[in-house]
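What follows is subunit A paired twice: with subunit B in the first complex and subunit C in the second.
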Partner chain A sequence: MSTESVLTADQRDALQELMNISMGQAANSLAHLIETKIGISIPKIASVTPEQLFSMISEQADAYYTRQSFLGDIQGEVMSVVSQQGLCEVGALLEYDAPLSQTDIQEIILELSNILAGACLAGLSAQLALGTNLNMPTLFSPRKANFEEFQWSNSLVMEVQFDIEISSFSMRVVFCLDDASLDRLTQTLDELLG
Partner chain B sequence: MTVRVLVADDSRLSRRSVIKALPPELNYAIDEAANGKEAIALLNKASFELMLLDLTMPEIDGVGVLEYLADKTEKPHVVVISADFQPEKQRIVMSLGAAKFIRKPLDQEELAMTLFELGYL
Partner chain C sequence: MFDQLVAKLPVGICVVDEQYRLQYLNAFFLDRMRPDQRHNYLQQPLISIFPEQAKFLTRRIKSVFVLQHPSFSYWEQRAHIFPFKSSRPITGEETQMYQNMEIVPISGPSSEQKLACIILQDVTAQASYLMAQQELASALKQEHTAQRKLIKKLDSAQSQLIQAEKMASTGQLAAGIAHEINNPIGFVTANLATLKDYSEQLLNLCDALADKLQVTSPSLAQFSAQTMDTYHYELLKEDISPLVDESCEGLNRVRDIVENLKQFALEESTGWQLFNLHETTQQLVKLVGAQYKAPVYKVSCNPPNLQIFCEPASIKQALTNILINAAQSIKCKGFVKIDIRATAQRVSIKVIDSGVGISAENIKKIFDPFFTTKPEGMGQGLGLSVAYTAIEKHKGKIIANSNPGRGTVVEILVPVVHPEQRHECAEPLGGS
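After this line comes the complex of A and B, so read on.
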C-alpha cells in the first residue's frame, strides 16, 4: 500500500491534518455521550486496490463491520470495524442493561458507526467546503461482501482508530473514495495549499 | 521585541498555519519541530519564551513534551493547539502546566487573545 501514486507529500500532509481535526471532533462527540475519554490514533492514509482493502478490513478477528455510503461533491464509502471485545462496557456507558441482546448489540454498533463516521465526514467536508450526505450504516460481513464490485482499481483510504481507555474496546473507521472524488479531493487540497 | 517561538506539530500545513496566524505586531524567531522528540531536542539546545504545541504527534506526543517540561525551572509558556479537545485531555495538559488550550482549526483571533493574556501584546 502506498500514497505515492495518488497524493503528493504536501497533499498527504494536509489531508492527514484535516482528518486529525475531524476525528478530534468525532471523538469529542462520543466522549460527551459516554462521558469517557476516547484515545485517537494518528490518521493513516494509503492507496489500495479492492483486494488490499479486503485484507485491511478483515485483518481484525472478533469484530463487527458496518458500511455506509456518502454522496455529494465527493462520494464513496465509510467502513467501520468495531471490536467485539469491550462492547459490553460501551453498552453500559450508553445505559443499556446487561446482558446485551442481539438487538442491543446491533443498535450500539450502528449508533457508534454513525456518530464517529458521521462526525469525521462532516468535519472533513466542512474544512474543505465540500457538500456531502452520509447514508445510514448497515451491518455487513467482509467475507460475504463482493469487494470486486467497487468501481475503482486503486483508491484512497483514510483510516483512523478510536480507543475507549477504560475498556479494551477499539474502532477503526476507513474512508474509501472513488476515482472522480479522488480528483476532486486533490484539486481542493491544492487550492487549500495555495 | 523579538519573541523566541517553538512550533511543534507533525503537520507542515498546521505549522505553516500557526506561523501565519501569529499577530504581526511582534517580531518572532521561530523554530519548528515535527514531533515531540525534535521539540525536546530543541528545548535542550536553546531557550524559548513561547511554545505552540500540538498533542497528536509521532515519536513523543504533546503530553510527553509537557511531562518533560514539568520539572524544569526555565521553560516557555506552552500554548497547546490540538484537535483532541476532549475535556479530560484539556484537564491533563493544563495540570501539566500548559498556559492555554486552543482548539484546531486554529482561530487567529483566539491566538492573538491568548498572547495578549500572556503579556506579549
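After this line comes the complex of A and C, so read on.
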C-alpha cells in the first residue's frame, strides 16, 4: 500500500489534517448522541488494489460488514467493519432491550454504520466544501470473489477506527473513492493548499 | 404547486420539529388516519398519534437532529413502524403495511429552525414477494434434503438387493457344491468302513502268525519279533483303529453340514406346505452357530417335532434374521435360546438372548427398514423389517422386549392354519 502514486506529500498531509478534524467531529456527534466517550484512531490514507482492500476489510475475525454508496461531487463507497464483541453494550446505549434479537443486531449495525459513515462523510465534505449524499447502508459479507470482480485496479482509501470506551466494541470505517472523484479531491486539496 | 405535489406523492411525508411535534403530514399519512385525528394533528406530539414505535421513532429523530444526517430503517429489521394497512399482492389479503423509512434533516422557513422529515415507503409488494420467495426457497431446500435422503436409502436398498442376489446365487452354488461333495463322501465313507474291517483282519493275521511261530520255530519267532519291533507293530496296532474311527466321525460331520446346506440352499419350494419347525430350527441353529461361536445355543420345542402349515421360505427367513440378531448381540459369552410352543390356536417362537439389549428409544424403531445401530457396512437394518413382512403374511405378529444390558426376547406369534383352510390365508399359490 502506498500513497505516492496518487497523492503528493503535501496533498496527503492536507487530507490527513482534514480527516483528523472531520473524524473528530464525527466521534463527537456520536458521543453526544449516545452519551458515551468515543475514541478514534489516526486516520490512515492509502492507495490499494482490490485484493489489498479485501484483506484490509476481512483481517478482523468476528465482524459484521455493511456498505453504503455516496453520490455527489465526490462518489464512492463506504464500508464499515463492526466488531461482534461489545455489541450488546452498544445496543443498551442505543436503548435496545436485552437480549438482542437477530433483527435488533442487524438494525444496530446498520444504524451505527450509517451514523458514523454519515458523520465522517459530512465532516469531510464540509471541510472540502463538496456536496455529497449518502445512500442507505446494506449488510454484506465480503468474499474474495466479489473483490476480484471490482472494476478498478487502484483506489484511494481512508480508514478510521472508532472505539467505545465502556466496552470492547470497535468499528472501522473505510472510504473508497473512484478515479474521477480522486481527481476532484486532489484538485480541491490543491486549491486549499493554494 | 409543490404543496399539491407533496400531498399526492405515493410515499408518506411527515415533518416534525425538535420537540417531535407534527408540522406537516401528506395525504399518504392523512388517508390512513382516524377522521378525528386528521383535522387537528398540527403541533400534536408525533408519538401521541403514533405510539406504536414511540421509543424507536424518538431515538431515530433525535439522531437526525443531533447528527444532521439521514437515518434509515428497513422492513427486514422493523417491518411496521406506522400502523397502516396494505394489500399483499400475492394473496390479495390485507395485512400490516411493510415499510422502509428514511428520516432526513431539513430546515424550516426561518432557516435556523431545524426540522426532521420522515419519508415512508410502502414496500409490502416487495416484501411479500421476497418472503414468498424465501418460503419457496426453504421448501425447495427441504425437498432437496428429503430427496438426498431418499437417494441414499435407494442406494443402500440397491446394494442390499445386490447382496441378496449374491446370497441367492451363493445359495445355488452351495447347493451345487453340496451335491458334488456328497458323491465322494459316499464312497469315502463306504471305503473307510471296509478299510476298518481290512485293517482289523490284517492285525489279526499278524497276531496269529506270531503266535504260531512262537510254538513251532523259536528262531523264526525271534526274527519275527525283531521285524515287528523295527516296524513299530505295537504302536500301529494301538493307533490304527482310533484313527479310522476318528476319520469316520469327521466324515459324518462333513455329511451333516452338507446335508444342512442342501436343505437350506435347495429351498425352492415356495408356497404353503407342512413343515417341521422343530427340525428346521435345529438345522438353523447349527448354521448360525457355525458363524457366531460366542453364544451357547439351545432349542426346545413343545410338542416335539412340531409341524406347522405355512410358507416355509419366509418363516425360515424371519427366523434366520431374528436368530442372527440374537447371536450378534452376544459379544463374548452368553446364550441364545429358542423356545417353541404350540396351542390349538397359535404357535409361539421365542428367541431369547442374553446380549446387549435394545434401549427403550431404539426399540420403537427396530422394525423400520434401514434402522440399524450396527456400524456402516455391517448391518443394513433390513433384517427385522423383512421378518416383519414375512410374519405379517402369516397374519401373525412379532413382539420385541428388551432389558438393556441384560438381553432381549423376540417373540413370533402365528395363528395355526390347517391345510384345508389354505385358500383363506395369505395369497393364493401361483399355478395351483
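Criterion: the second predicted complex is superposed on the first by the 191 of 194 C-alpha atoms of A that agree within 3 Å, B and C clash if a C-alpha of one lies under 4 Å from a C-alpha of the other, contacts with A are read in each partner's own complex, and residues count from 1 in each chain.
Everything that follows uses one rule, which is that a contact is a pair of C-beta atoms (placed from the backbone, for glycine too) under 8 Å apart; a residue touches a chain by one contact, two chains touch by 3 or more.
Since the model is a prediction, treat every value here as computed from it, not as a measurement.
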item	value
Touching partner for A:Thr49 - first (subunit B), second (subunit C), both, neither	neither
Contacts of A:Thr103 with subunit B and subunit C, given as first, second, both or neither	second
Touched partner set for A:Asp10, first subunit B, second subunit C, both or neither	first
Subunit B versus subunit C as contact partner of A:Gln75, first or second or both or neither	neither
Touched partner set for A:Thr186, first subunit B, second subunit C, both or neither	neither
Which of subunit B and subunit C A:Leu94 touches, first, second, both or neither	second
Contacts of A:Ala122 with subunit B and subunit C, given as first, second, both or neither	second
Subunit B and subunit C footprints on subunit A, overlapping residues	none
Touching residues on subunit C, where the partner in the complex is subunit A	55, 59-60, 62-63, 66-74, 76-78, 102
Parts of subunit A lying in touch with subunit B, wherever the complex brings them together	10, 13-14, 16-17, 20-25, 27-28, 31, 37-38, 40, 42, 127, 192-193
Subunit B - residues contacting subunit A, complex	10-14, 56-58, 82-89, 103-105
Of all residues in subunit A, those that touch subunit C in their complex	29-30, 32-33, 94-95, 103-104, 106-107, 110-111, 114-115, 118-119, 122, 134, 136-137
